[in-house]
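Read through the structures below before going on.
Below, chain A partners chain B and then partners chain C, in two separate complexes.
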Partner chain A sequence: MNEVQTDTTREQIHPRPDYGRVFLTFARNSLVRDMTFRSNFIIETISSLSWMFMNLGFYLLIFSYTNVIGVATGWTQYQFFVFFATVAIVNSLVQTFFMPNAQEFSEMIRTGNLDFALLKPIDTQFLISLQKVNWSGLGNTGFALLLLVFSLGKLYSEQAGFRIYPIQMILYPFYIVCGITILYSLMIALSATSVWLGRNQSLYNFWFYITNFSRYPMEIYGGPSGDARRWIGQSLKSFFSYCIPVLLAVNVPARLLAKPLDPNNLSLALYAVFGTVVSFSVSRMFFYRALRSYRSTGS
Partner chain B sequence: MQSSLLGSRSLNSYNRAMETICIEGLRKTYRIYRKREGLKASIKGLFRREYRTVEAVRGIDLSVDQGEFVAFLGPNGAGKTTTLKLLSGVISPTSGTARVLGHIPWRRENAYRRRFALVMGQKNQLWWDLPAQESFRLHQQIYRIDPHDFATRRDELVDLLEVRQLLGQPVRELSLGERMKMELIAALLHSPEVLFLDEPTIGLDVVAQHNIQNFLRYYQQLKKISILLTSHYMKDVVALCNRVVIVAQGVIIHDGSLAGIVDRFSGHKVITLQFADHNLPHDLEKYGEIIEEQPPRIKLRVEKQNVTSSLGAILQRHPIEDVSVEDLPLEQVIAEMFSIARQGHPHELETSSTSDS
Partner chain C sequence: MSQITWKDDRALLATLQGKIATWGTILRICIEERLVYRGDFALGTLMRFLPIVTQIFLWGSIFQNVAGKIAGYTYDNIIAYYLLTMVARAFSSMPGLASGIAGEIRDGSVKKYLIQPIDMIGFLLLNRVAHKLVYYGVAIGPFALVFFLCRSFFPSAPPMETIIAFSASLFMSFLLGFFLEAAIGLIGFWFLEVSSLLFVYMLFNFFFSGHMFPLDVLPYPWNYVFEAMPLQYLAYFPAAVWLGKIEGDQLISALWIEAAWILFFIVICRVAFRRGVRRYSGFGG
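Entry: the complex of A and B
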């Protein structure tokens, strides 16, 4: 009883950090740093934008041969561009907020600089995951938003009966956040493995291979009906939807706008929420497990 | 031969409330992959790994009271830094307990983390590309320091360390000494009650070392905080700490005053003789080992109990112009202790230490 009381008084003297303000300072400090290295910032912005343009060009090329991907899947050019824009939004936000940190995390484990992060009276996962913001990634987000609006406009004017309801406008950003959380959770868990794997090694790069699967509409994994090889796609689809739910990260928000009437949407949307909560909790457990095994370095 | 400081400490230890750090039987062992030389061996290592257990800390007991400034001395790899890392909760021990300010460090509770700081001379925690003041502001928010207190403390520290004009410069443009000062400010902004310093003066020039020493001494006396310092520089230790804990091979081999080390571990004194002319007598070796010969001066290393008799005999037989008797230099005594420990007999020293206290 007594102990509890002293603890609460201590909490009153030293309140919890204001996480919002700390994050703003991280973001501000990163911006100051990015502005110091101006040319680097500009080059990074341009190179990631051009990567997006190249991809867009590639898909335009494909749609010059066909007007829909897969028979009766509903992914016509502008529906697919809504999907593509969603891929870009999710990826660029992950790139902006989490990628530099996850990369740095493996490095901190290797060099022993994690020591300082462990001393701070603040949630360590928050500190590690958000302390740097890579502002140049937002160029892609901006362009992707333009593409999204443009494609939706095209669908609205060219496709009979295409409507956007307010509920979709609310759910879309919500599922974007879910998607980002799923991808982030996988990323931080993979980079935490360097605690056990040691020097220079982590499964961080594996993230890029796995998330490759999230970049395409899930119908692709269905395969044409009656094909003997369908089981390959089906098992990939199930694995990346239910075990490691990266496939839901983009598909759920994109379908919500591009194919709102698809009968599978409801179950996918529900599972996506569940998948997000589970992914994040598992990654958090994994993260703290890793910190307990942290050995620091020699000096 | 108990030093006065040890005595006063045992008096204090009646008062448990004064105790800031309490360590009992702390051990930390690492399993390290033993890599053999050459490509063939490396490939073999892919399939069958040999591990070796390294005992970084092998059972340390220590008690530090509030307001003490304790030095941790020891050769490289003695376990000093590991101990500091255990006490700051960076790593967890293999066995044993430790309490700092009543907290178990490796639980990493925020309530504990607000009350101490760790400064490492070899690593930096400030944002490399930004001016130090930006990192200070971040600290203010993470520790949620009251803005008024923050400004007062920052200004006080900045003035004490004379770095005001450097606050706006990116950290990467600062010299090592200037950066260390900024690191210290960052560590002290939240007014920690316990401060761990891991080689804070490493790589600094004499002036910078001196500045940091002065600052630490002043600050410690002002705030009465407990400080645990590791250093390779005897000057740091002599200037700052009246209690010295010597660690070798993961165990404590001495805990007491600096002067106590010389008394305890050195059985010799140095006699310097200055003769009237350059013809030195040849029979001096029977009194002790000649450690330096620069006619007309000569330095002899003589066993303590023989100092008076030898000196009497020499003075009687030879024309001596000047004479002095000194302790062996501290560095030398400690170097000898370390080399004994390194040869794998730390228990020799350890037993002598336990018999002492």
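Entry: the complex of A and C
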């Protein structure tokens, strides 16, 4: 309630800022900074790309031993590579736009520098979340897009009846945005907890560990009947699909392209939209709740 | 060994007892400092096992289509391998060591080691020992719980010699991890910004230490690449020893090679610190 009043007062004093232009300024400033330390930028781009190559190498190794992950799941090599490319696209975009900011946010709370952000006549969450753009992350996005096109091409030429329709091309970017929003919401909520905890390295790492579940096709969470893996896997799948929907962040867009005919797709896709809206709203509420508890460091 | 860098040779005259008392105090202070964040620690440890959960499921799905073994590993072996690398990493990983050293060089706080009769590397080593002791004290709970839950993945206990070799490999992995990372941190004397270099190191470490998958699963030319690197001792080697993948003479010579690597990095650290200090210039207060 408090911040509603503050916002109204702010609007009386300052006109509503042009968020698009502000974001472009952030992006331009970050680019200028990245280009100032050009060799650092190049090393960062190359090292994140090599991380991707290492992962790709790992999966190539796996596919040298088996031709499908799981029994009758449909995740053959190139379908899985579509999935892998989607993981990379979602994650690299989160890394480019949000990760440096979430890290900075915890630091701002600890040092008291958040005061300066609160004073600015702009939505605090917007300012905190998008202030820095880590341009070197886009190298991975580019490579992932190439891998995606290559894998889809392979599927198209080698798998009978594999087609890509315009609707898939429209829905794919839409669900990528949903996926990014889900992962971002979790990240900003976790870093906002530093208001209460002071030091929250563990909670921030928690984001990596939770989103780790989203990096694999949801079919792997299961097991032979009678095995404990079956119910644990089922529980994990439900929890990370419906409670904290990180599993949908990559699975929904990837299935849309790689396994468009899967009967579960429709319900998952509908739930993903719902999950995105709820995740974002809850994280925003949580964020402002945290700001209300924020006491500056007094320096 | 550490006296070489001391500016003040009063400490040289101190009795052995006095020195032990000093290092004992440092160790105690470091332990107390570490215990402040014990909640953070325990939470962090438990979370570190979460990726194992996905590995259990991923490899479970892979082995559904593979009859028998992949490069000599059964499904149970692979999961046991991942759990054992967690133990190895608990000894060999040094979070924040290299970046801490580089940071102290950059912001000038390295000065305190130059004017006080304390050897920087020795101090950091004790600090790390304290960190690890507290870590094991707190982490033993989560580790015991996870290993108990996953006990079915492990083959029956290996012979005594293997357990001794495993313990030696863990102890040495701690030393190797420490001196390797310290050496990287000391590069900060020459390059002010080493964060991207550290990131590259971290990547290679993750891949070539065998944290990502057992290194002997790799095909022909690559297994020679990793065998030539010290990184394999940080995770792969102890796990492979426990699982009986490396035995007999091969095991003995591997342990000697590991010891040689440790010596190599101790020397590198010493030389780098001496030369670095000579290069270093501090200004202001």
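Keep in mind that, in the parts below, the second predicted complex is superposed on the first by the 275 of 299 C-alpha atoms of A that agree within 3 Å, B and C clash if a C-alpha of one lies under 4 Å from a C-alpha of the other, contacts with A are read in each partner's own complex, and residues count from 1 in each chain.
Here is the rule we use: a residue touches a chain if its C-beta (ideal position, glycine included) is under 8 Å from a C-beta of that chain, and two chains touch if they have at least 3 such contacts.
As the structure is a computational prediction, the values presented were derived from the model and not from experiment.
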Which superposed partner A:Ala160 touches (first chain B, second chain C, both, neither): neither
Partner chain(s) touched by A:Asn205 [first = chain B, second = chain C, both, neither]: second
Touched partner set for A:Cys243, first chain B, second chain C, both or neither: neither
Chain B versus chain C as contact partner of A:Leu266, first or second or both or neither: neither
Which of chain B and chain C A:Pro15 touches, first, second, both or neither: first
Touching partner for A:Thr36 - first (chain B), second (chain C), both, neither: first
Chain A positions touched by chain B in one structure and by chain C in the second: 37
Interfacial residue positions of chain C with respect to chain A in the complex: 37, 40, 43-44, 47-48, 50-51, 53-54, 56-58, 60-62, 64-66, 70, 193, 196-197, 199-200, 203, 206-207, 212-213, 217-219
Touching residues on chain B, where the partner in the complex is chain A: 30, 81, 85, 88-92, 108, 110-111, 113-114, 116-118, 120, 122-123, 125, 127, 129-130, 134, 137-138, 141-144, 170
Complex contact set, residues of chain A against chain C: 37, 40, 43-44, 47, 50-51, 54, 58, 61-62, 64-71, 73, 199-203, 205-206, 209-210, 212-213, 215-216, 219-223, 229, 233, 236
Contacting residues of chain A [partner chain B, same complex]: 7, 10-11, 14-18, 21-22, 25-26, 29, 32-33, 36-37, 112-116, 118-122, 124, 127, 292, 294-296, 298-299
